[in-house]
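Below are structures written as C-alpha cells.
What follows is a pair of complexes built around chain A, which joins chain B in one and chain C in the other.
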Partner chain A sequence: MALGYNTITFNPDKCDGCGDCMRACSQAKAGTDDPVHSRIQILANETPSTGEQQSPIEMAMCRQCGDPKCVSNCPAAALSKDLSSGTIDWDSSKCVNCLLCTVGCAFGGITYNVEVGHVTKCDTCDGNPACVKVCPHGALEYNTSGSVYTRIGDKEDLFVPGLSACQGCNSELLIRHTLRNVGSNVVVATPPGCIPGMGTVGYNGKTGTKVPVFHPLLTNTASMLAGIKKQYNRVGRDVTMLALAGDGGVGDVGFQSLSGAAERNEQQLFMCVDNEGYMNTGMQSSGSTPAGSWTSTTPVGKEMQGKRTDAKNMARIMMMHNCEYVATASLSFMDDYYDKLDKALAASKRGFAYLHVYAPCPTGWRFPAAETIEVCRKQVESNFVTLWEFTPDQGLQFTRSVDKPAPLADYLKQIGKYRHLNQDQIDHLQRRVDNQVKSLKAFEQTSAVS
Partner chain B sequence: MTTIEKAITPDIDDSHYQSKTLVCDGNEAAAWGVALARPDVMAIYPITPQSSLVEYLSQFVAEGIIDAELMNVEGEHSVMSALQGAALAGARTYTATCGPGLAFMFEPYIRTPGLRLPMVASLVTRDTLTPQCVWGGHQDAMLVKEAGWIQMYCETVQEVLDTTTMAFRIGEHPDVMLPVNVNSDGNYLSYGATGIQLPAAPLVDAFMGEKNVNWHAALDPERPMAIDPLTGGAGGPGPSMFANYRKSQCDGMQNALRVIEETHKDWGDRIGRYYSPLVEEYRLDDADYALVTIGSMTGAAKDAVDLARDQGEAVGIIKIKTFRPFPVEAINRALSKVKAIGVVDRSVNFGWNCGPVYQETLAAAQRLQRFLPSASFIGGLAGSDITVEHFSQVIEDTAQLLKGHHYDEPIWINRND
Partner chain C sequence: MQHSKYLIIGSSHAALEAVAAIRMQDPDGSLTLITRDKHLPYSPTVLPYVVSGRSQPDNINLKDQAYFDLHAIEFIPGRKVEKIEPENHCVILDNGQQWQYDKLLLATGASPLIPPISGLDQTEFLVLRTLEDAIALRQASSQAKKAIVLGAGLVGMHGAENLAEAGLDVTVVEMQTQVLPGYFDPQAAGLIESAFSQHGVTMKMGHRAVRIEQQDNGCQVELENGETLEADLLLVSTGVKPVTDYCAGSGIETDQGILVDDHMATNQTDIWAAGDVTQAGDFYSNAQVVTGILPDAVEQGRIAGMAMSEDPCLKSYNGGIPINTYTFYGQQAISVGVSDLSTGTLADCSEVELSVDTDNGFFQKIIFKDNQLQGISGINAALDPGIMWQLILRRIDLADDKADFVAKPLETGRRLMSRTWR
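This part shows the complex of A and B:
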C-alpha cells in the first residue's frame, strides 16, 4: 500500500521570526503564551557557514518521519507511527522518560519540556495545525499533497514505463496521475506534440497507453471526441472522453474546434498541457508564449528581444464560454489538481469541462531538469499562474490566495528563456501579472450567479 | 425501426413494400437516400449549393423520419472530424459539402481513407474560388481525386437517391472499407426538380444488411487499441509497414470496382432500377467516334447525339459514373469501339492545359496500344450551361479528328456565350 501524508512545510525565506506560530502552539497545547510549551521552535540558524548563502532562520519541529528514529530508539514502545494519519504518537502511559528519542531525532522534533517533566512533540493538531493558521507571512503551510499518493498510489498506472519524454518533463507525471484517476473506461485523444511524441500513441504498431488512445489532427481534437461521444450516447454506453493537448492544439490551430465543442457543451474533459510553445518540434513560439520569451522563432538579437506580444490566456477564454467547469492547475499543488480533476470528470458527464495545466519545460525554457516542480511552484507563488476554478453557478473562485505574491523577477531569473530580459520587459510582465490578477479578482466578485 | 416506414408507408400493409412517387430536387433526393440508409451520426455545416440538403436532413430528424444524432458543428473541418470519431466508435456516418467547404475540410478529409473508415459524403459540386462564385462545376471534386475517396458522379435526380443509399454499402464492404463521395452537379441536380421513385424501406433494409464499420480500428474501452501510431521513417519496421498500409488502401480501391458493380446489380434486382455502375455506353456499338462525359451534362449530350444520329453521324457517348477508382478496363472496352474521342470536362487541369477527365481517359487509353485522336473540351464552369447546341458543336469538332485534324489546346465551350 502506497503511503503519503499531509505535512507542515516551512519556507525560511518568508519567515521574519515573529514567533506568532510558537505562541499559537503554546496556547493550543498549554493555554499559555510561554514558548517553552511550543512544539515548533523558530531559531536563529547557528549552523557553521558552508560558504553557501543560507537562511538566518531555521525551524525545529517533528517531521513525522517515514522511518522515525525516535520510534526505533524508544525501548518502551511509547512512540509509534499512526499509519492512517502519518503522525508519530507519544503515549504518556508507556513513556519511561529515558529521552533516547531525543537523541534519535536530527530535527529537534521531540524535546524534553522541563515545565511538564516529559517529552513533547507536534501532533499536527489532528490535521488542523494552529501554527499554520496564524503565520502572517505564509512561511508555514499545511501541505496535503502527500495524501494524494495514498489515495491513488495503488491504482493501475495506465501508461507504460520507459517512454521517451525529456528528463524533468512534467507532462509524463501529469499523464500517469491523470490516467490513474480516470481509469480505463476512457478514450484518450493526444494531438501531435510532446505527449504523443513521448510514445503515448506509440510507434510503428506499438502503443504506449493501456487504454484506447488516438492521434487526432493538431486541429480537431474536440470535434473527434465529440463524434465518439455521440455514438456511445446513442448506444447507451457511458465512456469518458479525455483530451491531453498542448497549447498549440488548444489555443492556436486547435481553437476553432475547441470553441465549437465548448459552445455545444459536448461531454468531454479537455485538458491543456501548457508549455508555452511548440516545444516538441524545437521550441517555436505559440499564442501561449509570454512576451519577452526566447523561442526558436522569437529569437534574441539586435532587432528582436524575444516574443513581442503577450500570451493569450486560454483558461479565461474558455471561462467566457461558460463551460460546465473550467479550472487552472499546477503540478506543484497536486491535491488542488486532484480536487479539480475529480470535479472536471464529473462535469464532463454533463457537458464541456476544461482544465488548464501549466507545464514548465526544462528543455525548451532552459532550466535544470531537477527544478521542474520548483519552477511550477514559483509560477504560482509569483501569480504568474493563478489557481482558480469556475462553474456557471458559482462563478470564479480562487483555490489559492493571490495575495502577497513573490516578485515576478524571482521567477523569471530562474528560467533561461527570460535571461536576456531588460528592466522594461520585466516591468511589462509584472504589470501584466498584476492586471490579470486585478481583473480576475473583479470577476470573482461579479461572476457568481447565486 | 419505425421511422422511415412512418414517412413512406404509414400503414403496414401491402403498400409497405411499394415504392412511392415524389417530386423533388437532387438535394432532397440525396436526403431521402440517406434516410433509407439509416445513419447513426450526421454532422453538417451549410454551404451553397448544398444547403437545402442539410436542411432536409435536419427536418427529417426533427420529424423523426431519420433516427440519428445530428451535429450542427462550427465548420466543415469539424464535420469530418466528428464523423471520423463517430465511425471509430462504430457509427454509420454521413455529411455533404462542396467548394470552399470541401477545401476547409481537406485536412481531416484526406485522413478518412487512410483510417479505412467507410463514410458517405455528398459533394454537391461547385466551382472553386477565385473568381468568387457559388455555382456548379467539378473543380472541387477534381481537386480531391487523389485523396483516396471513392467518387461516383450522378446523372439524374433519381440516380442521386439510389447512389447515395448504395454508397453506404459499397464503402462498408469488408474488401473496400473506404469513404465514398456521391457527386451531384450543383445547381443542375441540386435544384432541378423531377418526379422520382422512393424505394420502400423494408426492401432497402434487406439490401443494406448488417453494419460493421469499425471491426478493424476502434476507439472502444472494450477493445483498447491505439489508433494511428506514428508509422514510417527510414529504419526498423516503419518503411514496410507504411508501404503495406498504402498498398492495402490501393487494394481496397481496386476491390471497389467489383463491389460497385455487384452492389448496383443487387440494387437493380431488389429495387428494380439498374445503372451502368462504372461506365455507361450510349449508342456506341456502331459508333466511329464518341463523346466522353461525366455527370448531369450527359442528358444534353444524349439529346445532341440523337440529333446527330438522325443526320447520319456515327457518334456515341461514353459516360463515366465511377471516377475513383478509375475504371480503366471498362473505359478501354468502350474506347476500343471508336476511332476518336471528344472529352468534355466541367473543370480544369491547370498543369496539363486540359480537362482532368480528358487526361485520365488518355492515361487509360495508352493501354490500348494504339493512337486515339482526341480533343479536350472545357465547359459548364461556374454554373454555365452546356446546352444541346453546345454539344452539337462538340460533336462537329470531334468529327474533325477523323479527318486528321489536330487540336493543340482545349476548346472552351462557353467562352463565346
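This part shows the complex of A and C:
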C-alpha cells in the first residue's frame, strides 16, 4: 500500500524573512539562537536584484524525499527513510562523517554543521515542528494531507468505478473520500443534480454506490432523511444519514425542507457540493452563482454582463440556524476537510450537521480539467472561499488564516465564466469578498468574547 | 538451469540502486543478486572507517535479509561470474551453475590496481577494497610499527591517517607531485599534505618506487632516487581497475571498463552495466571515462534499473563529473567538477576565483566558463556539494549572480537552487 506522509510546506509569498523559524529550530535542536544550528534556512535576498520586482525569499531544508539520494549515497547505512513517519533518520552511531550524503542533496537539506562536527537535517521534530509553530505569517505550515491517504488507503471505496462525471470534476474525489470515511452504515440521499447525474444512483436498476442510496425530490431531501432516521431510531439501529446535494438542492429548491430540518435539529449530515449553478441541466444560474458570472441564463452581451446579483452565502445562513455543526471545506485542503468530516459525522449523531464543500466546475466555469484543485486552492488563497467551522458552543472559528490573501483578480482570471469582467465588476467582487471576511471576523470575535 | 527476469551481478551502490529502481516499476518480476563478496551488501567507501574502528564490521550493511525478503529478491553471496553467453541470455558461475536472464546488470565494481613494481609480487602487502581487507589492515595496524603507503589517492590518504592515528610511523609514497590528483589543484593538495606532515606522516611526493623486497620482518622499498625505506606494513593503494575478466569472449565491449551508452546499456542486447565497472560518458567532453565514485555509481545504477524495467521516466545519464568529499584530521575538503585547469581541456576562456587563507587552512576555488559553474573546490569552506553538482549539470546561467556566488557560494547556491526548483 502506498503511504502518504505529513510534510512542512513553505509559501514564499507569505514570508517576510523574519527568521523566527530559524531561531525556533536552533533553540529546539541546540538550545541557542545561533542560526548555524537551524535545519531550515530562510534566504532573504540582501541585495535586491536590479529588476523591478524584489526577488522572493528562498528556503533550504530537507524535503524528506520519497526516493532520497542522501540515503542512496550513504556508504555507512547511517541514513534511512522511516516508512511510518516518512522522515529521513540519521543514526549518529553509524555516520562516518564522509559527507557523501551532502553530495546527493540538491536542496541544501542535509549539511555539515561545523559547530557540532557532523551533518544535521530536519527531523520534523517528530511531527510537531518548532518552526511551523512560531511562523507569524503562516508561511510555514505542517500539511497533514499525506497521512489522510495513509489512514483511508485500506478502507473500502464504496463508490463504483466507471462513473460519468465530467473530466476534472472534483465531486467524484469528494464522494469517494467521503464514503470511505463514513463507511457502509449509512443511507445516502442524492437529490437531482450532478451527483446522481454522474451515476451515483445508478443505471438499469443497479446503484452506483455499495451503500443504500436514493433519489429524493429537490424539495424534500432533508425531510425524507429525517423520516428514515426516525424509523431507524425507532427500531434501535444507529445509521448515518447523509445528503449529497448540489447548491440548487440546498439553497434554492431544497431550502425550505433543509431549513426546517436544521431548525428541528434532525440527526443528519447534509453536504452541499457547491458548483455555483445548475450545471447538469445546462449551466443555469442559481442562488449560489456569484455576481458577474456567465451562465446560460445570465449571458454576456449587449444587455447583460453576466449575473447582476450577488450569491447568497449558504454556509453562513446555515450557521444562523445554530446547527450542531456547520463548516466550509475545500478539496485543496484535504486535511482540513477530513477534520471537519469527522466532526460533522460526530455532530450528526446529536443533531443537524452541515458541510459546505466548494466544487469548481471545469465544464460550466470553463477552465482546463487538470486545474480543478489549483482553482480550489486559489479560491481559498484569495478569500473568495473562507475555511471556517461553527458550533453553538464555540461559535465561528477560521480553520485557515484569512490574513494576507492573494488578489481576487488572480483567482478570477483563470476562469472562463469571468473572462468578460470589467474593472468595476472585479472591484465589486473584491469588495464583496472583503466585506464577507470582515463580517465573518466579527462573528469570530463575538465567539471569542462569549 | 536457474532463471531470473532481472539478474544483477554485484551488490554495492550501483546494484542496490538498480534494484530499488526496478522494484519501483516492477514489484513482482523475479530478481536475483549474485555477488562475489561473502557478506551482506556494504560499501567499499566505509572500509577506511572499519580500519579506524569507527565502524563495526557487523554494522555497515546497506541492506539486510529482511529487505530482500520484503521485495522478493534472491541474494546469492560468495559466487563469482565466470562467463557470459549473451546469445543464450546465460551467465555461468564459478560453481558451474547456469543462470538464464531476461535482463542482466553488471555491477561488479573494481579491484585494486597492483602496479608493476619489481619485487612487489614476491612481497607481502595489504590492499583495501573488501571487508576482509579492512579487517586484515586493522589487525596489521595493531601489530606493526612502521608503514609505507604506496599511492596518495583517497584510499591511501585514509589508510595513512588511520595508521598514523593507530600510532604507526607512516610514510606515503606518491608518484605524482601532489596528493589526491584529479580532485584538487596543487595548492589545495599542498594544504592537505601539510596537515599530514604536521601529524607526523612523512609525505614523499613525486617519488616512484622502483623495487620492493620482502624482508624478515617486513619489506624494503627502493625509490627512483636511490633512497630506501623500510616498513613492517605495506599498503598498496595505487588506484583501482574495473573487474571485467568475465567479459572475455562474451562480445561485451570493454576498454578500461565496460563501455556503456547514456542509458547504461552495453553493446550486447539486454545487458547493462553500472558503477565502478563502467566506462561511461564524461560531462565535459565526448570521452568515455572511468570515474569510480560513489554518487556516480548511484546515478548509473538508477538509470540502468529504470532502463531494465522500462520505466517511462527514464532519463539519459548526464555524464560523469569528478566529485569528492574528503574528511581528514577533522577538516573537510570538497571538490565538485573541474579543480585544476592545467590538466584539463577547459583552460581557455575559463575564469578562476581563488580565495586562500593558509593560516586558517581555508581554500576556495571556483571555476566558471561562459557564466556557468564548471567546478568548485574548497577546504574548510562551507558548501553544499549536491547543489554545486546541480548548478554544473544544469548549466545554470550565473551571469547575474556571479558576484554573490563568489562572495557566498553556500547561501547563493541555496538561493539559486530554491529558485530553480520553484
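Assume the second predicted complex is superposed on the first by the 383 of 450 C-alpha atoms of A that agree within 3 Å, B and C clash if a C-alpha of one lies under 4 Å from a C-alpha of the other, contacts with A are read in each partner's own complex, and residues count from 1 in each chain.
Just so it is clear, contacts are C-beta pairs under 8 Å (C-beta built on N, C-alpha and C of every residue); 3 or more make two chains touch, one makes a residue touch a chain.
Just so it is clear, the structure is predicted and the values come from calculations on it, not from any experiment.
Trainee: Who does A:Val273 touch here: chain B (first), chain C (second), both, or neither?
Mentor: A:Val273: touches no partner chain.
Trainee: Have a look at where A:Thr102 lands relative to chain B and chain C in the superposition and call it first, second, both or neither.
Mentor: second
Trainee: Is A:Leu217 contacted by the first partner chain B, the second partner chain C, both or neither?
Mentor: Only chain B; A:Leu217 stays clear of chain C.
Trainee: After the superposition on A, what does A:Leu244 contact: first (chain B), second (chain C), both or neither?
Mentor: In the superposition, A:Leu244 touches no partner, neither chain B nor chain C.
Trainee: Between chain B (first) and chain C (second), which, if any, makes contact with A:Val187: first, second, both or neither?
Mentor: first
Trainee: Considering only the touch criterion stated at the top, classify A:Met22 as touching first (chain B), second (chain C), both, or neither.
Mentor: In the superposition, A:Met22 contacts neither chain B nor chain C.
Trainee: Mind telling me which of the two, chain B or chain C, contacts the most residues of chain A?
Mentor: So, of the two partners, B touches more residues of chain A.
Trainee: Could you tell me which stretches of chain A are touched by chain B in one complex and by chain C in the other?
Mentor: Dual-contact residues (chain A): none.
Trainee: Contact residues on chain C for chain A in the complex?
Mentor: Going through chain C, the ones touching chain A are 13, 16-17, 20, 24, 42-46, 49, 54-55, 59-62, 294-295, 298, 302, 323, 325, 327, 330, 332, 334, 336, 382, 384-387, 389-390, 400, 404, 411, 413-415, 417-419, 421-422.
Trainee: Would you mind writing out the residues of chain A in touch with chain B in their complex?
Mentor: Residue positions touching the partner: 184-187, 196, 201-217, 219-220, 222-235, 239, 256-257, 259-261, 263-264.
Trainee: Which residues of chain A touch chain C once you look at their complex with the stated criterion?
Mentor: Against chain C, the touching part of chain A is residues 12, 41, 43, 45, 47, 49, 55-56, 58-60, 67, 69, 72-73, 75-77, 93-94, 96-100, 102-108, 111-112, 114, 117.
Trainee: Can you list the residues on chain B that touch chain A in the complex?
Mentor: Per the touch definition, chain B meets chain A at residues 40-41, 43, 69, 71-75, 77-78, 80-91, 93, 107-108, 111, 218-221, 223-233, 236-238, 241.
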